[in-house]
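Each of the next two complexes has subunit A plus one more chain, namely subunit B in the first and subunit C in the second.
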Partner chain A sequence: MITLVVSCKKGYQVTMPNTGTWGLFNSPGTAALPPAARAAMEGVYDVGNGSDVFGSLTAIKWSYAIVGNDTSFHVSGFFGTDIAYFVCEGRQLNGNILLNGYWRKMVSTETGLVRLTVTDANGAALLLTPSPVINAGDVVINGVFGNGQEEPQQPIRFTYKRKLYHSATPFNILAHRSGGRNSDLLPVSENSVEMILKTAEFGSTGIEIDVRFTKDGIPIIYHDNDLNLRETQKSGLVGPIENYTYAELSAFVRLIHGERIPTLRQALSAFVDQTQLNFVWLDTKYIGSLERVRTIQQEFLQRAAQHGRNVEIVIGLPGQEQFNNFLSLTNFASTPSLCELSVENLHQANSLIWAPRFTEGTQNDKVAAIHAEGKRAFVWTLDVPEFIEQYINEGHFDGILSNYPSCTAFYYYVHQ
Partner chain B sequence: MRLLLRTVFILIGIIALLQGNAQDSVFRAKHRAIFFPYPMYQEHWRSSLGFSMLTTPEDITEEVRIRIPCGNFTVLRRISDKFTAEGRIDFQFLQNHLSAGVQYLRPLSKKFYLSAGADIGYWFGFLKLEGFNSKGSGWLTYPGVSFGYMTRRDLLITLKAQLSFNLYYQAENGENKYVSTKKYYNGEAFTLAIEQPFYQRKHLTLAFSAISNKFYWQTWSLFYKTNRKVFYPQITVGFIL
Partner chain C sequence: MAQRKVKKTPLPKRKPSFVLQAGGGISYYSAAVNLSSVAYPGSLNKWSPTGSLRMMWYPRYRLRLGLETGFTNFYRYKVRDTSGQGQVSLQAIPVMIVWSMQVLPRLNIYAGFGSYRLNTHLVYRGKVNSYDWVLGSNIAVSYTLPLSKRLGLGAEAKWMNAFETKDAAFALQVQLAWKVFQWD
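Let's look at the complex of A and B:
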């Protein structure tokens, strides 16, 4: 039995493939893709070769994050099979477009390299014009994918089918814990600045992050009550995270991929200054005054407005204690909030958003009533692909919180 | 000659029958067991009442470490010297599991015993608390084999290996219903059970199971199946009635 336990534990690991091995992609003559080409390339594609592994459709979308003085662009493809996706960088070379990256299936540990090419004859010439207009069949992406670090050899082909679906009102693809759980073996830690910078690659348009306080009153981002090996590397510190000062946590504790536990300010700085994300759900994990969190919320909303960013930062009210503490704030009614409790509580707090648990169903009548009041409704935490598909196709929510934003992105963008 | 042969055969039959009865009466008196794969030569019914404790997987359920005892009632029914029917109810009230099956039993020697069989299982659960309006149910099948060793000191040791195949899954959240008829290999469970008389001929079962499943009915309200097998350690205690 011990052998079984040990073998089960060791067997579940994901080693991200090294994408720097495609010589052609790294050759000196490559150049960045123009913004118009990136925008025109976005769409729903038929999957030809490779559909047995990834399914028959993919939704392809670009995202960016600003790191230092550089803006890094990534193109992601979201699939309907096994919560699969690929993430690539893109360059042009001699009139062709090259996409180089990795693929991953979130329901398993499967991953590998992917190398794609749009030749000038297969649509690159069109995409690289100043104002490209793409119709079905105009762009064909050919390439190969492989398993693990092996040289990719299995053929894959995507053929442009139609534009990505966008509903009349904006739809929020929200990532739980800023991008997903540690148990899903992502390359960066949950609730980290690094995850905030990466989450758009998984299809997210917004994030949910967990707010706690340190012993010296610094709001930080961390999910569990205690310091533990699920969230952090071995540090020698144990027990409630509230027992430690931020200086102690910063000096001695690292998240499982080596990052520092971020403060709320650091997280919101990354969100406002370095991403294209437009929504933050502050999940208040502590019981206490919300005043300091609101001060930081207002500060970063103003900062975003100064930068011309149209974003929302809402204080989540998950329980009765947080709800009561919210009502004790001065001017609480004008403070952006999200209420997970009843519709009556939503009205009392004048929350912008009602967020019921998915286990109560799509509740279309209640959601319609919420919409009639000019408010919105999000649902959480929806992780079963079949449920995500059902809630998008049959429900009327304005956003879905999930550990698998790539799955939400697929079913939303391919929706017709 | 024909009379002689008939007499010999009848004598052999009577001796074999007496042997079987003698074995069974000794066995029944000293070795009542639920896991141990011993044929029910004389008894028609045997039953056990107990409970199991399962620990939810930390990497999936994180801080939600539920360890709710699950009661169980098992009944064995003799079909013949070689076959036994088994029925079992596992109950946690909010989620329950019923199973029934048939076992083929074969003594290998006086100390070693073997059985093979299959169960069909049905689970159902409901959760209607604040924030929950969920129901779930499903069908599974469990083929398995058991290997038993009887020690000289009345201790019965059983090693049981059981596979699990998911046949049907249904979940309802509010007005939304999801049904999957996808059949897939769900995982396996290995159990080490020891059974022994302990007080006034009462018999106790203590079993340790290593369950490795993609879907486990006791966790239906916490999370759906995973595409990898998740490890669940389980302890079962049973009192043979």
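Let's look at the complex of A and C:
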């Protein structure tokens, strides 16, 4: 009976719709959108048609990633209902702006195609001017969405309302495991280079990644202690990941969507060279010397500076062992770190950021004291939309780590 | 309402005993596995020799209880890349509590629950042996012909299911049953 029950357990999956079926979007004569139009289009929009499915507001924002010699731009819309979002590519055709992509609800397996248009008369003419200035009602995005691979037919309509909210000090929308968990059925694997390149589409401005070591001392990005089906495809390799060299993992193991397990160098290289992200939280999942990780951290901070990128890469101190190993580093006080332990530990390590878990509450007094010292406070791991809304509206944290960065992005950008 | 008299037929008296069952045969890895991105084409082998050892307690009543272990090779394959070539095999050793019942003369069914020790044996620019314990179960049906008062020879079909890792194999075995000890 146990065998039958376990064997018949339903496996959920999300099949991403094929977005290449909109003939008009793929027709000759389409052209890329100018940067000014993309920037001006960002904002908070009222949702007209479709509000019963997605909620009454959406925060629309552009992101980019560099793959090979190409820079791919995506526009995302974040909603307040069911952690829904859409991700589209954009083009212009005959004075109109076309947006083509998919939508997804993270609370379920619901997904489908979305096709949007800003006509010449509905704001495209304004957006396509060299220096567009947009006011409420100037841009109306009309379109359709559907379920799964079906031809989209349900109407949806967004009307520009106001600019996205930005606090006086920068706010970090941090994505857990480089973008989200495998259990949320995303199209790429957690802790992969591919996820790092995609996470800005989900609203992230930074990432948390998990650092472990292989048998031959190569720092890699991987969450669990052992090789398992949650993170990898069947490979015949079992047991602790540290039993294997990087060459063995690279030859025999693929993450659940077919990617290779990245080294820390590969992950940081993608972060610095190929994304607009500005923050990396290195979650140290191993017990041992932090020297090699710090060397790589310094190398990539220098590389980012050489490229004119203003980024932060911090070593996370999640437990007492990692904390003690951090203090044993020479010049640890000048090494950027993030402390998940007490405020006293934060001071001892001279960490830049204090990161308590969300169950301890908003702790506004402690956060204010941290700010008075010129340090920052992040909270982890917030996944319940009501809590995310509460921490943004009532708390004073400088960043939120979540498996649902799109939800954090929605509540942050629509904040007034 | 008058009650009818029920005629009671006493069950044949069985003597409790311990029975050792040893089997050997062939297994086929029956779960889905896609190694196309890593395995050298055509190198995946799902067939393997298999063996099992089971000690059963036959009480006076129908349901029997026992322990089972054994060995099978779930699958093996090779890789070839610019760094060289290598191969890996995934082996399974069950450690199960087994329940059994005779459903027809000479026909027994078995259901086991416990763990599989999965062993990775990898050769690729060096050797690695690694293991993990995962939850699993098995079900089997056997037909046993008595050869003497203490010995029997049978055939068994078994499905092994390491459900925690979604590994499964089907096995056909020839089985020798030996009544090791019997008491009143």
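Quick note on the criterion: the second predicted complex is superposed on the first by the 405 of 416 C-alpha atoms of A that agree within 3 Å, B and C clash if a C-alpha of one lies under 4 Å from a C-alpha of the other, contacts with A are read in each partner's own complex, and residues count from 1 in each chain.
Keep in mind that, in the parts below, a contact is a pair of C-beta atoms (placed from the backbone, for glycine too) under 8 Å apart; a residue touches a chain by one contact, two chains touch by 3 or more.
None of these values were measured; they are calculated from a predicted model.
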item	value
Subunit C versus subunit B on the shared subunit A, clash or fit after superposition	fit
Where the C-alpha centre of subunit A sits as vertex, the angle toward subunit B and subunit C in the overlay (nearest 10 degrees)	50
Partner chain in contact with A:Q363 - subunit B first, subunit C second, else both or neither	first
Touching partner for A:Q390 - first (subunit B), second (subunit C), both, neither	first
First (subunit B), second (subunit C), both or neither touched by A:G239	second
Contacts of A:E89 with subunit B and subunit C, given as first, second, both or neither	neither
Partner chain in contact with A:A251 - subunit B first, subunit C second, else both or neither	second
Smallest distance from any CA atom of subunit C to any CA atom of subunit B, in Å, after fitting	9
Where subunit A meets both subunit C and subunit B, residue numbers	1
Subunit C-touching residues of subunit A, taken from the complex the two chains share	1-3, 6-7, 215, 226, 228-229, 233-240, 243-245, 247-248, 251-254, 258
Interface residues, subunit B side, partner subunit A - complex	58-60, 62-63, 127, 131-134, 171-176, 178, 180, 190, 192, 208, 210, 212, 223-224, 226-229, 231, 233
Residue ranges of subunit A touching subunit B (in the complex, touch as defined)	1, 4-5, 8-9, 12, 82, 105, 107-109, 181-183, 223-225, 230, 356-363, 383-384, 386-387, 390-391, 394
Of all residues in subunit C, those that touch subunit A in their complex	33-35, 37-38, 74-77, 79, 81, 83, 86, 88-90, 111, 113, 118-120, 122, 124-126, 128, 130-132, 134, 137-139, 159, 161, 163, 165-167
